[in-house]
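What follows is a set of structures to go through.
The following pair of complexes shares a single chain, chain A, combined with chain B in the former and chain C in the latter.
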Partner chain A sequence: MSEFDVRTTDDGVGVVTPRGRLTMVTARRFREVITELVAAGTTRVVVDLAETTFLDSSALGALVGGLKAARLAGGDLRIARPTPAVLSVFELTNMDRVLRPRDSVEGAFDV
Partner chain B sequence: MSRRLLLIRGIVLVTAILGINYVVWRWLFSVHWGAWWIAVPLVVAETYSLIDSLLFGMTVWRLKERGDPPPAPPDLTVDVLIATYNEPIELVMATARAAREIRYPHETWILDDGDRAELRAAAEAEGIGWITRSADWSGMPRHAKAGNLNNALLQTEGEFLLILDADQVPLPEILDRTLGYFTDERMALVQTPQWFVNVPASDPLGSQAPLFYGPIQQGKDGWNAAFFCGSNAVIRRDALMQLGVSRYAHEIEVAVHRALRTARSVIREALKNTDPDQHEVRQALGEIQYDIDRAGRELARDVALSDVTFRFQQRVSSIRRRMVAADLRTLHEDLAVIATLDRLADDPDTTLADVDESVLAQMAHRDWSPLGAVETVEALVRAVDIDRAGEAQPIMPLATISVTEDMATCMRLHGMGWRTAYHDEVLAHGLAPEDLPTMLTQRLRWAQGTVQVMFRENPLVQRRLSWPQRLMYFATMWSYLSGFAALVYIGAPVVYLTLGVLPVQALSTDFFLRLVPFLVVNQLLFFVVANGRPTWRGQQYSLALFPVWIKAFTSAFGNVYRGRTLDFAVTKKTRTEHEGPRWDLVRPQLIAMGLLALAVVIGGVRLAVGQATPFGTAFNIVWVLFDLLIFSIIIRAARYRGYEPATPHATEERHE
Partner chain C sequence: MSDRVTIGAPATPASIELVQTALATLWEQQPGVTARDRMRFETALVEVVGNVVEHAYALDQGTTPGSRQLELEISVDDSTIIALLSDDGRPADIDLGAVTMPDPEAESGRGLALAIAALDDLRYVHADGRNQWTLICVRVRP
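And then the complex of A and B:
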């Protein structure tokens, strides 16, 4: 199972950290966490994947849903620190062409 | 290899050899070129039929009889999804109750595209889930059943999905008999037959498809190309979602490239129309031009799309803010055109990557005011941005390129390397149309959908499919072209009997020695493959519905290449008890039959007065009689008054 840490940095960037397996079981909740953040005015969101051990296509779908919400609100969604296992799922679906992983959460919005 | 398969392969080989021998001889030695206007259509139609026969032979070459399925593993999570739009509440609930009673642990959901409070109450009263479109869909293209399922995919979380139409009542063992195949981790989908209970043994409307839900699907299965048919199938969610996500990534990439290309020409035109002394405006346009080029270079360097579009948007909007003051005068006339951009994405028949080239070209060549140009660029980027603002959901796992989303989706799954299986056991009892109008509408829809897929994603050029897979998809599309061949098979004997024009050089011994053996083994192949299943009805309808197939072809062509709507014939949903037969719906067939009968009379007269040979006349009359036998099913279908079962059956209303 997976749980989500949610915090907001001093710069007003929302950081969502899913722990463990992020799959179809938790994908819906994951998307809601992001959309709630955006709805509350935190339109710049970083998803920190350092503690995500596995991620499936449903989770990617949720990520895209979050990206859409953020963009519509004038912000953006970035991903940071994916593990090799998680990165391979991005490559399998060509999502690496859409989202570029950032090396750190803090620097995720520095261009 | 089983003896049956060995026998089938033997006959396939003989059929192919005899068929190719005949058609090659026809082209090279026996076309009556002097009467090319009927001779060429006939030899083309014959070639069409030969290819159809060869594709059928290839299909059954690897006929796969799977027998008993592997046991279903315990503890899988399954959602049973019942798609409904406007079917009667009681009919939906009967299916839902049966679905609830499926033995393997699962959750049952009614996907109510009609958003009916009454159905919701009925479902909830019996502990059955009810899902309707989320708020995201308001004002967005709905994509019919594909949209309904895509919506439900994001609101449920089972590892597997059993998809049912509202009138397909599942048996309790349906999941136990299908989930076992998914122990193969690359297995994406298991399709089971669609079989209808409200059809008499004579099946006047040709509702059952015993050859398709049997040898044809089993043959496709042998080539790993068994199709998804929209209902009675179990799907692995991860396969669908993976498909949805990678399609998204692919379409976004295509769309962004296209948007940048158009943006470049829009700005170029705007620069041309800007006075040299408007320095500020020219400078701003130049900056945007620079940014467009930079975005293009970044894409070429594989910079992630979200980064490219984000930066580009930020830059363009800041430049625009600077320009607002500079130019307001000519803006208004441009706004109307910009508005069409926002509508682009709303066309239900296009995906994002399909944004019409011609519309984009029109925009590129309009005389833009500078600010209008910038607004256009912004709108373009918005329309094709990675958030897919024109769609309710950025991820659409079920294909929306066709009204038959099932086939298109399945082809894409095969393209990603997934496997499918066809399990030949009736595990749901469905209801078929009970009157001619509904039946005709349904067949038209299937044919249109299939032809749409052929035009939009021709399987022959899908590089990620194996060649046999491409041909298996193509075979089904090819079979829907039979309407044109039917016209020729009606016309040729009529032409001979009335005008005495023979499309072949001579009805020689050579001709019959080549044709007859081919026809005989071809029928033998059907007989052996069918293995006791009735095939005559299917053969009749493949020719007798020629107006439907032709209309499907022309309307799908108009839809894909001309942007027209498919123009569904709207038929009444209730059974027409009080009305007489709808002869008006089968007028082309009746005219054809009249012409054929008239030709026989004229042929007889011509023979009597010595203008025709007895042999030629006899041969063509036999041909006409065969045509009439084929078409006779239309009379039966029009006169059919619906199913009358031994026991009462609650089916007053029909639907698609």
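And then the complex of A and C:
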């Protein structure tokens, strides 16, 4: 199972940190956490994957949904610090092309 | 050292957790399996179990959720990791040869494409009244 830490930085960027496994068991809640942030006006969101040990296709779908919601609201969604195991899932599905992994949470919106 | 694990469980999302916990135990007993092989096998297995669970809900409308039963056997030897997964539900009507990876903008439809990409071989048949999946990962020598 996974749980989600949510915080907002001084720059107004929302940071969602899923801990543990992110699968169809938790993907729906994960998506809600992102879309609730966006709906509340935090349209720039970083998903910090440093503590995500496993990620499946439903979590990828939730990320795409969150990305679309953020862009529709004039913001964006970035991912940061995936472990090698999680990064391989992005590469196998070509998702690294639309969600390019960033090296840090703080610098995720620099470029 | 155990080289085999079997699980029988209802086809519900909670069973994915059960499968991943059983895999973690198996990996502890098989330290020779590389991190890369563990990850691609677990990725594929979670996707296939997820597919079965989804179809169990989609096809069995009107019946009790979770009434479909999964049977899973995972075995490890020197050259391969194999999972045999079956369930007693209606035929899944899947053509694995027609599965392609959706565009990055798609919000669903990646599961089986990801499983195929992660594995060396994935097979599906409906036989003896059961959906039967075979997942094969050829181990990479460290």
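Heads up, the rule we're going with is that the second predicted complex is superposed on the first by the 111 of 111 C-alpha atoms of A that agree within 3 Å, B and C clash if a C-alpha of one lies under 4 Å from a C-alpha of the other, contacts with A are read in each partner's own complex, and residues count from 1 in each chain.
Simple rule for what comes next: a residue touches a chain if its C-beta (ideal position, glycine included) is under 8 Å from a C-beta of that chain, and two chains touch if they have at least 3 such contacts.
Please read these numbers as outputs of a predicted model, since none were measured by experiment.
In the overlay built on the shared chain, the residue A:Ala85 is in contact with chain C alone; chain B does not reach it. Judged by the touch definition given at the top, the superposed model places A:Gly65 against both chain B and chain C. Contact with chain C, but none with chain B, is seen for A:Phe54 once the two complexes are overlaid on the shared chain. In the superposition on chain A, contact of A:Arg97 is made with both chain B and chain C. Of the two partner chains, neither chain B nor chain C is touched by A:Gly14. Within the superposed three-chain model, A:Val25 lies in touch with chain B and with chain C [touch as defined at top]. Overlap of the chain B and chain C interfaces on chain A: residues 24-25, 56-58, 60-61, 64-65, 68, 92-95, 97-99. Residues of chain B touching chain A in their complex: 154-155, 157-159, 237-238, 241-242, 244-246, 248-250, 252-253, 302-307, 310-311, 385-389, 393-395. Against chain C, in their complex, chain A makes its touches with residues 1, 21, 23-25, 54, 56-58, 60-61, 64-65, 68, 84-85, 88-89, 92-95, 97-99.
Taken in their complex, chain A has these residues touching chain B: 24-25, 27-28, 31, 56-58, 60-61, 64-65, 67-68, 71-72, 76-77, 92-100, 111. If you check the complex, the residues on chain C that touch chain A are 13-14, 16-17, 20, 35-36, 39-40, 42-43, 46-47, 50, 53-54, 101, 104-108, 110-111, 113-114, 117-118.
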